[in-house]
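What follows is chain A paired twice: with chain B in the first complex and chain C in the second.
Right, the complex of A and B next:
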């Protein structure tokens, strides 16, 4: 099956591969996996106090479409607010990369990974707020 | 000769509907069905009957492939219980499990550069093997207790391990080249 030029571009030159400190209170980590293909995806975002995503990193073990989907997502989220990023749907990713129907699940994986990262940072901040409330 | 396409695969081979099956019976019943459905026997039969025999043969093949493979049989058992593993749509797995998967894949990625690549791959394979037997045992145990949620979790994790096993194999083939 032929990959689109955009998939190939992200696959050959993946953006933002790497790792952020998952224990940093400003870092949200999302880990997801798809049993169908055995792909594993880790997506991390670094969020400043204004709720803006300053940095994003990913590491994906999987096919070209899964790598391209996560690479694209890290580009899409930088400079955006958590609210804006929460609107990202797999369809945006699949359309942008021109994924064929059999590879749509790779974009689902990326959507779920960013959602998990957002949930993680929100949980961290709620926890921090409540412990500060208790302390004061 | 009659094959009922609505029958479940276990019935087709006269096996009890459980994970642990009698492999010898599976094979002998398969060979018997194959013989009965052999194209030669239908060569002079009317078109409709010949078409039917081909469909029946492919049904029997599919059934045999499914029951003959541990993981496929496990997934099929869950399907019979009305449990779907949602392998493409449900991406939520235990974070601990996913972390381990990342480590396996890192090890696999590094293996070709190791001083002894074959040994490095072998180490991954050994770990995978024991992890797979753990999932298999957990699956069987969950089935016995009819804990379908747990059985589903085991099968979903097992799928990752199975995929990884194939990747270890292709990594080895690349080394051999």
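Right, the complex of A and C next:
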């Protein structure tokens, strides 16, 4: 299978590979996929008090397109608000990387990872808010 | 000093380059100056010469099998031979029974042929191999029925290189009067064949895995006791009616020469292949979490199939772009399914997803092996650094206990 230059670029030089502390209250972690399906994506976002994503890291087990999709996503989300990031659709990722039809599902996975990371940070924050409310 | 030609070919089980000696013989059968005649032309020397060459090639193929040249039928390749053998024998013997026994790790040319026969009302038992890839003889015996007419078991597996005990199977099928077909596409020049000692009735062969050209193969069809087939391709009645169509002289001559060389050089070549394969295995086997797929002993010397746990096969191939290897078989690597062969030998999905098949051959050098070792280690390390599963493994998390958000 031939890969687009953009996929190859992200694959050869993946951006923002790494791990953030998943217990940090400002970090949202999204892990999607399953080893049995041949793909697992972990996306982590660090959100500041203004609701802006300051940092993002990923690790991905999967094909080259899955790795490229998650690498691209870390670039796309940085500097954006959770609301803005929630608008990212797999189509944006697939178009940007020129993914062939059989690889669309890799970009869907990346969209799922974003949603999971947002859900995680939101859950953490509501928990925090409610515990603060009780304490006051 | 480096004489490495990049990319390095490590996919000899997918196909082989044509040996120069073979190409030279083939070239003599094409042009006006050469033996271009139709071997079926009985009325002039153009036909006679071509026919002579075809019969010489038939002898060469028969010799490698320990067969009589009258038992060789030319086809377009192993796929066609598998179709002709299984459909031909099953349909011819339909009054005796409609049950076929085969193995789950067979090539698709056998499995899909069996599926087609199922659609026509035949019943097929697909046996599970043991974990080492070999046929479980007890399960095999238990699967045979009074209405079993055809057994189809491959000799050498294309993915994991394991060698089935054909003689032991043949003894049983012969005793029970069941037709025994063997897909031996991967065997010539790698493991000795003797159709009589092995009691094989039908054997599929092709040239392009043995340094011959693509698009030519043969089916061995036993004469004593005589095996009868229903033809699948009808026409001018070539090949004693079993396979019509003008014989492709240059292809046939190529296959004959390839088989002659394979027969002559097998012992010597196997020693060399074995040493290279061991060098490759020794170069990677100390890495963590790697698994050899298929039995190490009952295996052709040129095959090494390894799963690199926590690394996905397609991305591994991508990062080993200087080395031509395959993940699963060439026929399935375009799809996203893990190898059905590895699933059949009981590998879990992760290991099945992380396999690489290295197959080495006549033109592989030590230098190429060393380069492959270095590139493989580098690629696996890079991808493990990227792998959340590797992180989890290192943290001591058992991945089987994790609840995955499957999609």
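Heads up, the rule we're going with is that the second predicted complex is superposed on the first by the 132 of 136 C-alpha atoms of A that agree within 3 Å, B and C clash if a C-alpha of one lies under 4 Å from a C-alpha of the other, contacts with A are read in each partner's own complex, and residues count from 1 in each chain.
Please note the rule applied: a contact is a pair of C-beta atoms (placed from the backbone, for glycine too) under 8 Å apart; a residue touches a chain by one contact, two chains touch by 3 or more.
Since we're looking at a predicted model, the values are computed, not measured.
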Comparing the two partners chain B and chain C, which touches a greater set of residues in chain A: C
Contacts of A:52 with chain B and chain C, given as first, second, both or neither: neither
Chain B versus chain C as contact partner of A:63, first or second or both or neither: second
Touching both chain C and chain B, counted on chain A across the two superposed complexes: 31-38, 40, 42, 59, 61, 105, 108-109, 112, 116
In the complex with chain A, residue positions of chain B that touch it: 85, 87-93, 95, 97-99, 101-102, 105, 109, 155-157, 159-160, 162-164, 167
Complex contact set, residues of chain A against chain C: 1, 3, 11, 14, 17, 19, 31-42, 59-64, 66-67, 102, 105, 108-109, 112, 116
Of all residues in chain C, those that touch chain A in their complex: 310-315, 318-319, 334-336, 338, 348-350, 353, 385-391, 399, 404-407
Chain A - residues contacting chain B, complex: 31-38, 40, 42, 59, 61, 105, 108-109, 112-113, 116
